[in-house]
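So, here's a batch of structures to check.
Note that chain A is present in both complexes that follow, paired respectively with chain B and with chain C.
So, the complex of A and B:
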């Protein structure tokens, strides 16, 4: 199992390298997309600034706390889409029969599939989050290390949820709409203060759409370190990742070839 | 009359095309419900600290305001993507010799799409409003035609700004950052998520003179706080900006077509 994991990490590393080279081939386009995304995300600072001009705290969060939520969510979302850029396209790949070519390759199908593409604008999300975190929190090394750790766990949450949502296509046909919605839920829930969620919403963010684990719990840990919550976070990230992997393969058993003949270069 | 009839026909075809995609339609409505639900939770929290009105808006008015701004943004057509694609893949060359003006063809195509989206979104929006905060207080049905007129003007200004930006594809391969940035300008300075009245005074004055405010803020404010004097000034601004962006789009188009160089066939 350990050699298997090693092989997969090596494969992800290779894809990352090649995807990076190909993104850099069109440098102007890369820079425009990255800067565009940074400005795009930056607009939310404006929104929160205006809100906090009118009120001191929202759901127990101050301006800095909300910016930290944003920093983790944005960097983690970016990381997930830079490394596993095909995760959003799983439905399309299943529907068009493009999946056949991955089944023929001697690599783990899921890892091979999701890592084989990158999203250039996701680099913008990543840089934005890092700049924002340093901007609001300063360069405190221990906080920054925690920030990096939580980016990895949150990226795994984003990826797992997208894998699960898109794998629904194996069972119910085109799940693009549902997957898109679930992805919106994850992003939106993770960028608002926890105190505003009441009743069902609170239950949802700790269960079916685990947005609380993406950013809300991490910010709590950075502000007020708790080994208990750190362990809970680790347990959940492992559970969700294993479930996503299992769910994809469970669905794959139902897959029937699309008879698509294409050249994959 | 014959000249207009062909555009009306394009509009009809586009409307029926958009009635086909039921799953897209359902996903969009869920998103609408969800985003307003998040806003309801956010603003409920804010109002619980600040009392019954903020910058002259009650919680009921703010939620209805946000429903109207979302109506405008969710009812936009895909003109940016479609026109950019037509220009990039050279399709536009085949549309130049057709007996219509490309800009007006795109407008009628978009209006068909917008008509379907707006109609359904209005129904969903009103239902959400009633469900979340009850009927809009002080609403007078006699004002409805004036509000709808302003809403429609906002949507059409949005169209002309989108098409002007998309036509930059004549010169730029990657023009989507313009789209993101414009969207975020509407989002912030256009008062999409927060009424301009809540901005600091100096910024409020600037924002109220910019075109973005007349895409979303203008119609939404009229919907929740109607007065005939506001209506006249809003519509005058809207007509001015409509004319400006109509001229800009025609000029860019004319210049772009001259620069057009299509290879192959």
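So, the complex of A and C:
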């Protein structure tokens, strides 16, 4: 089990290096995409800034808190797509039969599949979040360490949810729409103040669409450290990751392959 | 020694059926109907170590499905498979170190990267040492004559160049068995021949067992000692290529060029073509004596040139399909 985990981490690291190197091949494109994403995300700062000029707080959150939500969601989203760039294409890979080539290699299918590609613009999301966090929170080492930790857990949440949603393809045919929808939900729910969610919505973000664990709980912990919530967060991230892994392999047994003429991109 | 053992292998696919039009679509949401398609239906065969075996059949016969089960991509519905002592569906990872697979219609190389990068990446995936990868790349580059292609992105290569790189890539980890699914599909005659020569060389030099699917009779004729013909998921014929020709080749084609105009009127001789002084006839050696016929043909006039040949394997195979009353596509999801 441990050697298996080590092997997988090694594989992720290898793809990371390889992908980074090949994205650098097109340097201009890389820089444009990264900067473009930073500017794109940055425009939302003005929206919130103007809003908070007029109101004191929203659902108990001030400007700085909302920006921290943004910082974590953005960096975590970026991180998950930089490392596991193929996570959004799982449905397509299953449907076209491209999965065959991963099944022929002596590696863990899921890890091999999702980490074999990177999304260049996701680097922009990642940098943006880091800059934003330091911008609103200053350079406090312990806060920043927590920020990095929560980025990792949140990235695992994003990845797990996308793996689960896309793996539905094994069972129902084409889950691209559902996966897109769930991904939107995750992002939307993790960048607004918690106070605005009541009743069922609150239940949802703490369970099936675990957006609360992506950014809401982490910001609460950064502002007001609580070991209890930290542990709850860890338990949840492990549960979701294990479930996602299991669910993918459950579906893989139903895989029927395909014969489309495809290229590996 | 057998390297592949397959016993009573079956694979069924559940296919959702839908009536045409909107009404059918709505119906299939509330009351979906399924049809079971037997892509592979109870086949058994063995492959010997070091053999080149052809697995042939028309589109939709179950060739790819069988290869996919042998390589661990698909789980069989029932039956036993043993490849190098491993069960593909259970020991997928272990098996993948020992086999190499090329799907003619599916690229396994990274589209935007030059082959050299892909080779190095594959070396890492197969956990090969750097020095070994270098050695292998040098060897395969020479064997496949791809030195000048190594640094060009795959997307810029022609199909023939790409398939050579694909096969080279699948051999990087020195597999014991090579599965080739329609390796010559879409290639021109010259490249086809090149690929065939390579496969022959591989079998000789590396002692690899080669399992080849194709519907190109030339592949089989030139490469294989034995062929398994499959259709509708069932084995129709499992014979040596020599026997195949002998048993199904009672027809001979004779081309004769006379120096003068002749009028052929011999029973049991079918005239295929007649142009000027040249005639092409076909005879069935099971109903008449070749010796006699040739004597009579020569008697007709002064002969400038004569050739006697076997009909191409292609014809033989298509005869077998017809004799066994089998056609093409029944299983649509597989070709």
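As a convention for this text, the second predicted complex is superposed on the first by the 258 of 265 C-alpha atoms of A that agree within 3 Å, B and C clash if a C-alpha of one lies under 4 Å from a C-alpha of the other, contacts with A are read in each partner's own complex, and residues count from 1 in each chain.
What we mean here is this: a residue touches a chain if its C-beta (ideal position, glycine included) is under 8 Å from a C-beta of that chain, and two chains touch if they have at least 3 such contacts.
Computed from a predicted model, the values in this text were never measured in an experiment.
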(Q) A:106 in the overlay: touching chain B, chain C, both, or neither? Say first, second, both or neither. (A) second
Q.
In the superposed model, which partner reaches more residues of chain A, chain B or chain C?
A. B
Q: Once the structures are superposed on A, label A:12 by its partner contacts, choosing first (chain B), second (chain C), both or neither.
A: neither
Q: Would you check which partner chain A:196 touches, where first means chain B only, second means chain C only, and both and neither mean what they say?
A: first
Q) Does chain B (first) or chain C (second) touch A:40, or do both, or does neither? A) first
Q: Check whether A:256 is in contact with chain B, with chain C, with both or with neither, and answer first, second, both or neither.
A: second
(Q) For A:134 in the superposed arrangement: first (chain B), second (chain C), both or neither? (A) neither
Q) Where on chain B does chain A make contact in their complex? A) 23-24, 26-27, 30-31, 34-35, 37-38, 41-42, 44-46, 49-50, 54-55, 173-174, 176-177, 180-181, 183-185, 187-188, 193-194, 198-200
(Q) Under the stated contact criterion, what part of chain A meets chain B in this complex? (A) 28-29, 32-33, 35-37, 39-40, 42-43, 46-47, 50-51, 53-59, 174, 176-178, 180-181, 184-185, 188-189, 192-193, 195-198, 201
(Q) Could you list, by residue number, the parts of chain A that touch chain C in their complex? (A) 11, 14, 18, 22, 97-98, 100-101, 103-107, 112, 253, 255-259, 261-265
**Q.** Of all residues in chain C, those that touch chain A in their complex
**A.** 13, 64, 68, 71-75, 92-94, 96-97, 101, 103, 105-113, 117, 121, 124-127, 154-155, 333-335
